[in-house]
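Only one structure is covered here, and it is reproduced in the block below.
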Amino acid sequence: MIDLALSFALGCFGLGLLMNLFLLLRGPGLPDRVLAVDTMVINIIALIVLYGIRSGSGINFEAAMLFAMTGFVSTVAFSKFMLRGDVIE
Amino acid sequence: MEYLVSSAVGLLTAAGIYLILRRHTFPVILGLALLSYGVNLFIFASGRIVVGVPPIYVTGAAGYADPLTQALVLTAIVISFGMTALIVMVALGAFLETGHDRIDMPDGEGDDQ
Amino acid sequence: MLNRLFPHPLMTLGLTVTWLLLVNDLKIGSLVLGAILGLVIPLVTTVYWPDRPKIRNLPAYLGYVLLVMWDIIIANIAVARIVMFMPNNRIRSRWITVPLDLRSPEAITVLAATITLTPGTVTADMSACGRALLIHALHAPDPDAVCDQIKTRYEARLKRIFE
Amino acid sequence: MADKGLRLYRVHTPTPPLRQNGTLPDMSLALIAALPFLGALFPGLMIRAGRDACALAAGSVTALSLLLLGMQAPAVLRGEVIQTRIDWLPALGLNANFMLDGLGLMFAGLILGIGLLIILYARFYLSSRDPMGQFYTYLLLFQGAMTGIVLSDNILLLLVFWELTSLSSFLLIGYWKHLPEGRQGARMALTVTGTGGLALIAGMLILGQIAGSYDLSVILTQKAAIQSSDWYLPALILILLGCFTKSAQFPFHFWLPHAMAAPTPVSAYLHSATMVKAGIFLMARMWPVLSGTDAWFCIVATTGLVTMLLGATIALFKDDLKALLAFSTVSHLGLITMLLGIGTPEAAVVAVFHILNHASFKAALFMSAGIIDHVAHTRDIRRLGGLRTLMPITFAFSTIAALSMAGIPPLNGFLSKEMMLEEASQTIWFGNPWLIPALATLAAMISVGYSFRFIGQVFLGPPRHDYPAPPHDPGFGLWAAPALLAALVIASGLMPMLTFGWLVDVSASAVTGTAITVKISHWHGFVPALWMSLAAIAGGLILALFQRPLNRIWLALPRPEAKPIFDAVINMIRRLAHTLTARMHNGSITRAFAIGTVTMLAAGLYAFASGTHTPGTRALTPIEPVAAIGWVMLMAATFAVVLYHHNRLLSLVLVGVVGLIVSVVFIYLSAPDLALTQISVEVVTVILLLLALNFLPKQTPRERTGRRLRDGAIAGAAGLGAAALIHALMLRDFAFPTVAAYHIANAKSGGGGTNIVNVILVDFRGYDTFGEIIVLGIAALVIYALTETILRGGPANDRLLNWPKPQGRAGDRHPMMFVVVARLILPVALMVGVFMFLRGHNLPGGGFVAGLVAAITFLMQYMASGFAWAAARKTINYHGLIATGVLIATATGIGAWFNGKPFLTSAYTYVTVPPLETFELATAALFDTGVFLTVLGAVMLALASISRLATRAGSSTNTRPFDIDPDAKPAGKS
Amino acid sequence: MNHWIIAPVIMPAIVGAVMVLVMRGNLALQRAVGVSATGAAVAVAAALLWSASHNPPQVYFLGDWPAPFGIVLVFDRLAALMLLLTATLALIVQLYATGSGWDARGRHFHALWQFQIMGLNGAFLTGDMFNLFVFFEVLLIASYGLMIHAGGRDRLRAGVQYVAFNLVGSTLFLFALATLYSVTGTLNMADLAVKVAILPEGDAALIRVAAVLLLLVFAIKGALVPLHFWLPGTYANAPGPVAALFAIMTKVGAYAVIRVFTLIFPPGTLATGTLIADLLLPAALVTLAIGAIGVLGAATLARLAAFAAIGSIGTLFTAIALFTPQATSAALYYLLHSTLATAALFLIADLVLERRGTGSLRTARSPIPQSGLIAALFFAAAIGLAGMPPLSGFIGKLLILDAARNHIATVWPVMLVASLFMIIGFAIAGSTLFWKPHEAVGEPIAASALPTSALPFIATGILLGLLAALTIFAGPVTDYLTATAASLYDPAPYIAANALAAGE
Amino acid sequence: MTVEILISALLVIGGTFGLIGSFGLLKLNDPMKRLHAPTKASTVGVGTTLVASVLYFAIFKGAVTWQELLIVLFLFITSPITANFLSKVHLHRNMVSADLPPTGTSRNWATFEPDDDEASDGQSHS
């Protein structure tokens, strides 16, 4: 049962990724695209965790943590750039 | 998988080269970044592709992804990071000196002083 | 004395717990190391956080966290319904101004975060003096109700916790 | 052969005895050649001691050399060949081997003897403004090189000296730097003789390879081998090219007159007596092995004949005294060349004799021309005349020399000219018995003509009153040398056997390779030469008398002027070279990339296609749906980067996505370390690029469609190449077991860690990591240095100072919510960093990732509250971090030495400290600490440096962590 | 184990790091320490050279791991030669940089100098292909820093090109290495030599690709046509002393070609055959021609020097491409010569530019201070580069011509005509620069505005003196080189020294 | 069995919310509206998944992995900031002050405040 649920969840987040990709390419605005990337990161984290469950190993969870952190930092950096031009001022 | 990896390497390389052939530093730098993704995947794949094996040493593992090529890729990533940082700064310096960021120097000779 | 040793007791505790979460075990060695890091790291980072606020009412804070968690679940169901089933032209988005009574930056931040995480609202901006929040509500036929709920359900509680 | 020459007696002694003194090499020959070089140092040093001291030094050196030569002379005259052998570069066969035989003796004596006279003459000739030290230095260099040529027993050594004469003559011709003619003449001489020199190198190398040795004494014994070789003709032509250019033979004669821009002592020395005779010398030197073939005769005799005629004709119409003498020299060199070309021993003997005679009278004439120029301030024949009474001494020795040049008995010029005519009269040219005699007579006639013209138009006639300066005889110092030479002309004319005979004997013996005794006399009976000679004198007299009308005809004739042609050719080549170079290297690195890519593709394709390839047999790995999704995303994002690259910010976002997906790919393919590194590097790179993009244009202009298509084709081909290559590789098994198997097997037992990748990084291949952190450190140092340089001043700094105030920026630089959250994250993230660091050896992570995590954490703080505020909180010495990191890593490596192990040998142990659990202590962790510090320092230094540019551009710095203060009085704007 | 082998790498690393750590603000101290350190490097290199000439190749097993599993340094005659050349050149040019004040025109000059030496030495010592890449990067990144030292418009623009081009080169290197590893499963050079020799026939095509890609990588470093386009701009715009030091940079490419294509892919190897020579020789000859044509057509002094460098590279690679012991010995001799001569020319060009303000060879300028001395130095350097006697270029040229006796129809004409072009080019340049001042325009440059140090002249003089020494001691030098070349074509001792362990 | 159901349910719920979040991004027709979808649905989606993972490892692998909690915490802390920033970008790029309700204070919304380089406590360093 868990396997089935896992596959379902994997499918959901995978599909979600493709939707993010679509928004990323379509836009129209840059904030939309950045939002798409941000969501992409979240979905990827979910996928990593799901794969962890499937393989029975949590070894990639730190990577997921780092994804969350870097995703956040780059979203903020892009936003800051669009707002101010200077990312570190 | 192999087809996916090789086509990805190919496209990354092609995109990288295409951008490197642009005439402004910014796309060239992006091209270098893509190219380095391409080559990193290339190195990684040169150790052959395996899926679903443990990434660290465990007794009785069925196999491992080639750790040596991984180490090589790691080194390559780090070095290309340093290089990218440097070329960004040099390009920025050149832009500030000239007011444009064309990468070609129109002066072959004669007016290079 | 204890204050000198643990200038940031809550943080030391939090970090030690974080460490145990990270290393994923409960050995003595991990505890010791986590405690050491929990001591050292606040010392290193304290300069970046001047005027660190005191949480005056820890139980109230924990209660607030549980409340928000519940609201988040509810909020998500609501948003999911809107996203899935409501046609775009029927979604009534609004901008709402929420005047603030809170003054502590930390408290305001928690409030703003709460607003974003809960039903159909996103904290979009803040007035330049920090006395009002700009909220975007995804579907709010009655904006005043939204504002009132924020003020009473969250801000009042936060005021008790932080100020 | 013997019956032809009445004056020639041949004694057959097959090989001349060699003399080598004792076991020690006899250094004297080397010393003769070396002395002028050593002496060349003196004039430059002595010039402060005065011009006389300078000249004296140069003279003494030459005299000493001459003396040494004289000491060897008796042995040579006895028919011995003296040799000095010093090994220099035996591997090549280039050795400092010298030999002195008759030919060498004659030439060395000529070079040193006339050299001595020239030194004397130049002392009085050069003006006080001329840098005399330089002059004598160059002159001695030249003299040494010339002496070296004639004494070399090794053709490679000879080449060395040969090229040296070209170089030193370049300096001497260009000695008067203010004269454009000197500059151009020097370049022309160098170009022509340099060309010949290079041909000579090729010829000599071929010759040496045929003979199996580069030693002349060996080569000269290999006539049969050389002349039967397939390479004989190329070698001959190449060697003759060298000789002809040096000796100004047609069609290379044109450089010589232009070299006359040199000071007269140079002209006298180089362009009459010595350097131009180097080619003659070499032909004489190689005569035993090269001559005697049809090719030799055709090329050498013909060239000589043409040169003789052409030179004489031009000389007849030259108004510049030195030009007249120059072309006369060309003509006489042609004469000698022709004699050598005839190929008979008799002709060779005459050639040798004429070399001596010509050197004596021509040097005197040049010096005479110099004196006239010196006192009358002109060398133009048209402005001279009547000097006989004004300059009686000069008149005397000049006339003697000129008459000798004309071949008037009993002077020495007469003797050799008669002998030449005699040889000519017996030479059949392509079956034609009269052509050479007739042309030789004609040349002799013209020679008489210009000689008489020289005497008549310079000295005879009434004195004029319009000389540029009043002519008078110079001081003794200036006329001593030419007078001495004139005396020699008379003496050798009257007593040829006593003065030159012995020298001609030995040198002719050396040239022909057989011992020869000559008999020179004035009267040989009514031989054809007598009639030819008489005809020449009579005709010459007429030519001299009718020179002016003939001159008008000459001027009316179309004559190709060598200099404009030469200049045009050189300029054309230069322009061509310049255009080609400039077109090729037009500063377009873009094109260079295109060319480079195509080259790589072509070379790779060629390499592959020309080798054997068996396709691999590995089974394909199945594709999971998630992998397919990742693939779609990677491909789409990559493609989008290209598509949207005009929008720089967007393309940067997209590159970030590509990096993100690549990281995920690494996770999927069981390489978490790579993913961690990739994603952290990614974000730092993006921020760096954003910092730069803040200044850069936000759009990239579109390029022409044609260009884009071309680039697309190149890029596509490159992509296909890379894809095909990796595909071919992935589908096959390794040809041999990989070394990675060892790493897997030994990571835990030998390296003490279960994260194999990390053990490779810090242990198996820790040395790579050592290099890699240094790369990173250097990158940061360079970025810092460049920032400093820009901010120190200059256009970039001005641009920053005048940076337009940004329009349309949002308010709220440091949004409060972000600041608060960043503060909260900071300690936690640092803890994550420590965690990543500590577990790196056993699980994904390590010093590098930890350093990046720490850097990103601080970065977040800086983004939230601004660099200035954050930096003011805590000044971290980034330089110190980098240096300390590198030093820690190095020290860890060195630590192994104390254990008797090589650099970077790791050690680990398990420690138990109750009540704690057993934990591992490893030097690898220390090494990783170095990595951590370097990475942290490097990233921070780089970012801090770039941030400073924005500050210079007018970004203000804040003193508070965020701009909103909810606690402030609500009194409107502050 | 002889720890001195690794000293040439870690000594400069430590000195560079210490400079960054404690003497950032003190130029005088940096100068003193930097020059002393480089001097020490010369001493160590000299001692190592002596050791190399008396011993078979020595291997330093880093981390005490057996080859081919760890990284090894292999120290042999060739490595020793390159170490000594590098240290000597670096020391002399460093003196110049110090005396001319170039080092004060930007930050971290001396630290970068040390790291540059470290990178070079690391590349010469390594016995591991990937480690060669790493040290290529070290030397490159240090060179980037030195190239843009002191900044300025053209320098930075040329710097971007230089960096970008080399980044592509580095990427190519990685492609090549991955291919190499992917076929053979190893990175140790000796191990590669063993394995490539016994490679199954079906792998030939792929290993050939790897070999050719490596060749191209080294050709980029060595600036071989058509991968040389980075050189003119870089050399012409780099600070004088840096351009002089860069004379060794192209030689890294040459070194790598010699090492890799005599050890791993020697001419007789079944898989690669004469592939490398077939590609290299034409490229080298074209490079030589382009260099010579460039010298002839140069309109500025800096370009003249840059194309002279290209020409010397062409000559060098011509000799290398013959792949015989005799030719390689000649190549090594020419390598020594051309490194020193090119460096001297760049220093002299800098002396002129600093005084004359312009390097234009088309227009005359006022006489420069110390014209006579500089002219003499220029003349000597030109003689050296054009391959005229009495300096070592002539001997180098003769050695190569002699070694190319089986290529008389191709190598000889190109080399000789190229020489001629260079002679003419240099003659025109020299006479314009130093003989034409009387008809000149423009303000004469005041001698007082220049640094008074004699060091620049001494440094340049030493370089030229070394050329003379190379000429005079051509015999002993070629003896060493002949033995070096012989050892390259008999790699058994090199391989044996690696004591290759069996797998697992 | 119960836990299996629980974990499966969490996974299904997580996947559903995740998908809804991503779907919302495409469906909603205004940038501000779009912002609501991922900040809520995706966060909860991934949060639920992570909780499922904690349970799974604790129960079936006997190894408690707590890192998931840290990840969830991190996402919850940061997503309001992300939303805040993206809103500000939207306000800045696509809207003017007049489109918004008044702040009710003496100052405008921070994003629309004039550039404060000189206005506030900034000191120009040049």
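We just call them A, B, C, D, E and F in the order they show up, numbering each chain from 1.
The definition used in the following text is that a contact is a pair of C-beta atoms (placed from the backbone, for glycine too) under 8 Å apart; a residue touches a chain by one contact, two chains touch by 3 or more.
In this text, all values refer to a predicted model and were calculated from it rather than measured experimentally.
The minimum number of touch steps separating subunit B from subunit F is 2. For the pair subunit D and subunit F, chains touching both partners: A, C.
When every chain is reduced to the mean of its CA atoms, the largest separation from subunit E belongs to C. Interface comparison, D-E versus A-D: the higher count of C-beta contacts falls to D-E. Each chain's centre was taken as the mean of its CA atoms, and the one lying most distant from subunit A is D. Chain centres here are Cα means. That of subunit B falls 38 Å from that of subunit D. Per-chain CA centroids place subunit A at a distance of 11 Å from subunit F.
One inter-chain figure worth recording: subunit C and subunit E are separated by 62 Å, centre to centre, where each centre is the mean of the chain's CA atoms. Shown for subunit F are the residues that touch two or more other chains, namely 16, 23, 35, 37, 43, 63, 65, 67, 70, 74, 77-78, 80-81, 84-85, 88-92, 105-108, 110-111, 113. Shared interface positions of subunit E, defined as residues touching 2 or more other chains, are 130, 134, 137, 141, 144-145, 148, 151-153, 156, 160-161, 164, 168, 175, 178-179, 181-182, 187, 232-233, 298-299, 303.
Across the assembly, subunit D contributes residues 578, 581-582, 585, 587, 589, 591, 593, 668, 672, 693, 722, 725-726, 729-730, 734, 738-740, 743, 764-765, 768, 772, 775, 778-779, 782, 786, 789-790, 794-796, 806, 809-813, 815, 817-818, 821, 825, 828, 832, 835, 843-844, 955-958, 963-964, 970 that each touch 2 or more other chains. Because contacts link the chains in a way that matches no line, ring, star or complete pattern, their graph is best described as other.
Across the assembly, chains come into contact as A-B, A-D, A-F, B-D, B-E, C-D, C-F, D-E, D-F. Every residue of subunit A that touches subunit F in the complex is listed here, in rising order: 1-2, 4-6, 8-13, 15-17, 19-20, 22-23, 29-32, 34-36, 38-39, 42-43, 45-46, 49-50, 52-53, 56, 58, 61-62, 64-65, 68-69, 72, 75-76, 79-80, 82-83. Taken together, the subunit F residues at the contact with subunit A in this complex read 4-5, 7-9, 11-12, 14-16, 18-19, 21-23, 25-26, 31, 34-35, 37-38, 42-43, 45-46, 49-50, 52-53, 56-57, 60-61, 63, 65, 67-68, 70-71, 74-75, 78, 81-82, 85-86, 88-90, 92-94, 111. For subunit B in complex with subunit A, the residues that touch the partner chain are 52, 54-56. The part of subunit D that touches subunit F in the complex is made up of residues 801, 805-806, 809-813, 815, 817-818, 821, 824-825, 828, 868, 951-952, 954-960, 963-964, 970-974. Subunit D meets subunit A in the complex at residues 625-626, 629, 632-633, 636-637, 640, 649-650, 653-654, 656-657, 660, 663-664, 667-668, 672, 675-676, 679-680, 682-683, 686-687, 690-691, 693-694, 806, 809-810, 812-813, 818, 825, 829, 832, 835-836, 843-845, 849, 853, 856, 859-860, 862-863, 866-867, 943, 947, 950, 955-958.
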